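Have a look at the structure below, then the notes.
By written order: A, B and C. Residues from 1 in each chain.
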Amino acid sequence: MNKVIYSILGPLAAIIIALFIGAIIISLIGKDPVEVYGVLFYGTLGNSYGIGQVLFKATPLIFTGLSVAFAFKAGLFNIGAEGQMIIGGFAAAWTGFTFVTLPWIILIPLTIIAAFVGGALWGFIAGYLKAKYGSHEVINTIMLNFIAAALASYLVNEIYGIPATIHTPEVSGSSFLLRFDAITGLFPGSPFNTSFLAAILCTIIFYFIINRTPFGYQIRTLGLNKNAAEYARMKIKKLVVLSMLISGGIAGIGSINFIFGYKHYYELGFSEGAGYIGIAVALIARNNPFAIIITAFFFGILEYGGLTINTMVPKELVTILQALLIILVITFVRIIDVLKIKFLKSA
Amino acid sequence: MIENIFTYAFLLQTLRISVPYFLPSLGAAYSEKGGVVNIGLEGILLTGAFFTTLGTYYTQNIWIGILCGLTAGFLIALIHGIATITFKADQIVSGIALNLFALGLTKFLCRIIFNSSSNSARIPGLETVNIPLLSSIPILNNIFITFCIILLILSQIIFYRSKFGLRLRAVGENPAAADSLGINVLRIRYAGVLISGLLAGLGGAWLAFDQHSFTDGMSAGRGFIALAAMIVGKWKPMGAAAACLVFGFAESISIQFQGTAIPTQFIQMLPYILTIIILAGFIGKSTPPAADGIPYENTNK
Amino acid sequence: MLAVEMIAITKTFAEKVIANNSISLSVKKGEVHAIVGENGAGKSTLMNILYGMYPPDKGKIQINGNEEIINSPARAIQLKIGMVHQHFMLVPPLTVLENIILGSEPEKNLLLDFKKAKERVSQITSSFKIDVNLETKIENLPVGLQQRVEILKLLYRNAEILILDEPTAVLTPQETNELFNTIDFLKSEGKTIILITHKLNEVKAISDTITVLRHGKVVGVTGTENATIESIARLMVGEDKIYEEKKANIREKKLILEVKNVTVLNENSVEAVKDVSFEINSGEILGIAGVEGNGQHELVEAISSIRKPAKGKITLNNAELKEEHNIAHIPADRHRNGIVMDFSVAENLILGREKENLFKKDITIDESKVKTFAEKLVHEYDIRPVDIDIKIKSLSGGNQQKAVVAREITKNSDLIIASHPTRGLDIKAASFVHNALIKESDKGKAVLLVSSDLAELLKLSDRIAVIYNGQINVIFDADKTNEYELGLYMTGSKVKNE
């Protein structure tokens, strides 16, 4: 129990301080922080539409959070979820607008597989370079993000895009992921859709693989002590490649929320930095898959919250808050550890 | 087309492109030689550019503008230092957060101050600067280029001939050893990180003057390329400078090729692909300082 | 006159371990004072406090009669105290000269004054008869010379009180002799030397006074001439009886491991093992003696199928060695290679065995089977505390090693590789490991024992091969050789058996 309290204490304190700094910023530009936060709170959690929007924003963050966490379990730092999502998304969209005659029962799995494969391919490149040449995945995944963005720009602007737009043609109607308001009437008007269920499923599979299988055991060993993994004769290179591949694949699937659940086409820049926010999500959740859902929800509040206050203060306030939050969390982990040791010592 | 490469204009263009790579790249060398990875350079470039613009806009004085850019870079680096050196936070995550912070902050302020989320008002550039002796010499008449050359030579001396350089290298390789000799490891690391902030802030200033304004996201990945150049240059000032020139050269060429059969997007990819190839070790192995990226703690203090 | 007086020093670490419990220590000026005790007795902690690395919780320190607060190494250096740490504090890519002046650099016109530095260091090297090339990078120096550099660092800082933490752990008997000559010379120059060690014959040979520590307390102070090795040992270990297994003689011998003309490359593609051949039979313990870095590491990795040999052939039970061969291997560095600190004891007990059918249920690892297995091992191998769910990092080094030994021995492999299996263990844990190895060999297993502890090798092995510079030129019957002879071959002073 104590352990849980300690692990929540840091993020909680960080949230409070980040909001406090945010309040100072709001005051400095001559607005009333209570009013701005009130609008933000009511707009996101005060009504079912807002909650739907938050969940919609949280869905890709669950995927990217899981993606980063999976690689992290193997001791790899995947900063490339952004690029993996871009490539996976394009592969999925391409499948969606190319095989228009397929029925939904085949096409939807196919698009999801395509999203996984596209992301996995991008993750694989970094994993392979790490395994084969030992080049550091952090730099390589950053580079691959830029390459992915340029590649997507080429594919949309020069080949598949609809002229004068930055998006592709619409995907087949049978590949649409239904919105919850259409199925259940809940969250009316919000684009919250069934890809959220895929995210939950992915979370459970993540937990099962990591904690229950020999493969997961090997991944965790690799992440905690690579040299011990080597002496236990695990196939490290294979593990590195596989974990980056799976990590990339998960990030790739994160694209379906926007493409098949919302806009129904591929649009440049759709990822909106979800890959980077996923790093923060995984970090704050300490790579625990179930905590990732909660953390992603919180970041969803901020993401959508920015839009609700945009008429009063620039929505970038939320970006600043997110950044502050990350810095405070990683700093507080340390402060709390020190306090904990002092506390234990005195007790 | 080839003959276009051997011109004064082309050389100048290459150097001008290399400046905003070189300054943060040299900064990265200071930071990482001391053992602190700083991928927040991208954000520092951006913030440096914004505050340089802001300072210059209000005072119409580029020197005050530069001072603002330097201060902004210094402060962001200071946050990085506090998080990663004092509080031992993960250096990469801190860097990512600072990039996010810079992105949000500059856009936020841009909307509030210039009433636009995409660009600032126009500011004067370096053409107003006239240095008596240098102004008649080609290339060196650009004060930033001259300054970069001086910085490079100075850094080479600092790294390998000065007390600070020796300690910086020791702290990045084996902080425990340095600590056991009475060297204040944390202070030296702070110095490395703060220097990197100043240099990247200066890089941002150059960007602002070069474009005569601030535009949203104008650092455009240069901080990351700078980091890559430092790695390719094997964590050495000279190496970093050479790598920056190579990247600048490649980009210059790509500008020459623009509008030809090769799509621009592929040209944009070039430096990134080049970095990946070089990192894979096809051009000699590049080994980081042994303690690079690892927070130092004397666990029992 | 007392050079150092530490009074009632107490130090507790975060995990509530009392490392020093009201320890008092008096060191006379100009003497060689040995601090002896088992691993974990608190010797290094005490010296780190004296050197300003940790602050004590309680207690006072007097240097040359004056009370001092030593809150940093910088302060210790000012007080002319110097320390050679067990793990050398050197910066490998820097040169010898740079390492020596680091922290006390002479400057001229804002730049390093290498000329002055060199003059001063050369003066010291000649007056103290320590010979080393100042321009070489540390990473290219053998361990013995690195230690010289550490001593030079102290002398460069005019240290009068020199603390040497386990200085002979990494040295051959010959290098140890050289070190002792240096210590004698330093003493004759009036320096005070504090020597931390657990090797009692060395204590007897070099020290003037002995302070014995056990479990963080002083249990005895004596002049060396009044003590015998036995009397110190009794103080050090306490009254615990140590049971020593005797090796049986197996009659039926069959060939288990054959290493034939094997060459192994290291990370830098240099031949670390050159054309090595030997055999081990069932029931036999073959010892490998050598100074660290002479190829034993690579040899072990090749035989345990972690590293592929570049040339030659390794056969196990007459079949060529394959990766699938899951050989029992107790690695030299248990923290680095043997355990995962953040795993529980149970998780560590299946490391490398996670795919065995023993733990399998469909595609998962069956936690209840793991639990049963782990509990059995914890009891059989006396791993304490008896809790398979706590993280292994909270166990003592000895218990961690027992877990590694338990896991590896129960693998049912005909060959057991044990690399420095008792390094850093106290006597009780060490004898536990020795007994376990002897028992397995009595069951007919072949054991390859690599160690730098020659006493251990002589005690356990049937035969001892000496590896020098990647080659094995000589294999002795263990009862027909001694430490000194092994030392000659280990340093390459003798190469072939004449």
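Quick note on the criterion: a contact is a pair of C-beta atoms (placed from the backbone, for glycine too) under 8 Å apart; a residue touches a chain by one contact, two chains touch by 3 or more.
Model, not experiment: these values are computed from the prediction.
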Those chains which touch chain C and also touch chain A: B
Pair of chains joined by the greatest number of C-beta pairs in contact: A-B
Gap in Å, rounded to a whole number, between the CA centres of chain C and chain A: 46
Computed distance of Cα centres, chain B from chain A, in Å: 29
Whole-Å gap separating chain B and chain C, where each centre is the average of the chain's CA atoms: 45
Chain C contact footprint on chain B (complex, rising order): 157, 161-163, 166-167, 169-170, 173-174, 176-183, 290, 298, 300-301
Sites on chain C touched by chain B in the complex: 13, 51, 53-55, 72-77, 83, 85, 88-94, 98, 101-105, 107, 110-112, 153
Residue numbers on chain C that touch chain A, as the complex places them: 12, 14, 16, 304-306, 323, 326, 329, 331, 336-343, 347, 350-352, 354-355, 363-365
Chain A residues within the chain B interface of the complex: 29, 77, 79, 129, 132-136, 138-140, 142-144, 146-147, 150-151, 153-154, 157-158, 273, 276, 279-280, 283, 314, 316-320, 322-324, 326-327, 330-331, 333-335
Residues of chain A that touch chain C when the two form their complex: 212-214, 217-218, 220-221, 224-225, 227-228, 230-234, 341, 344-345
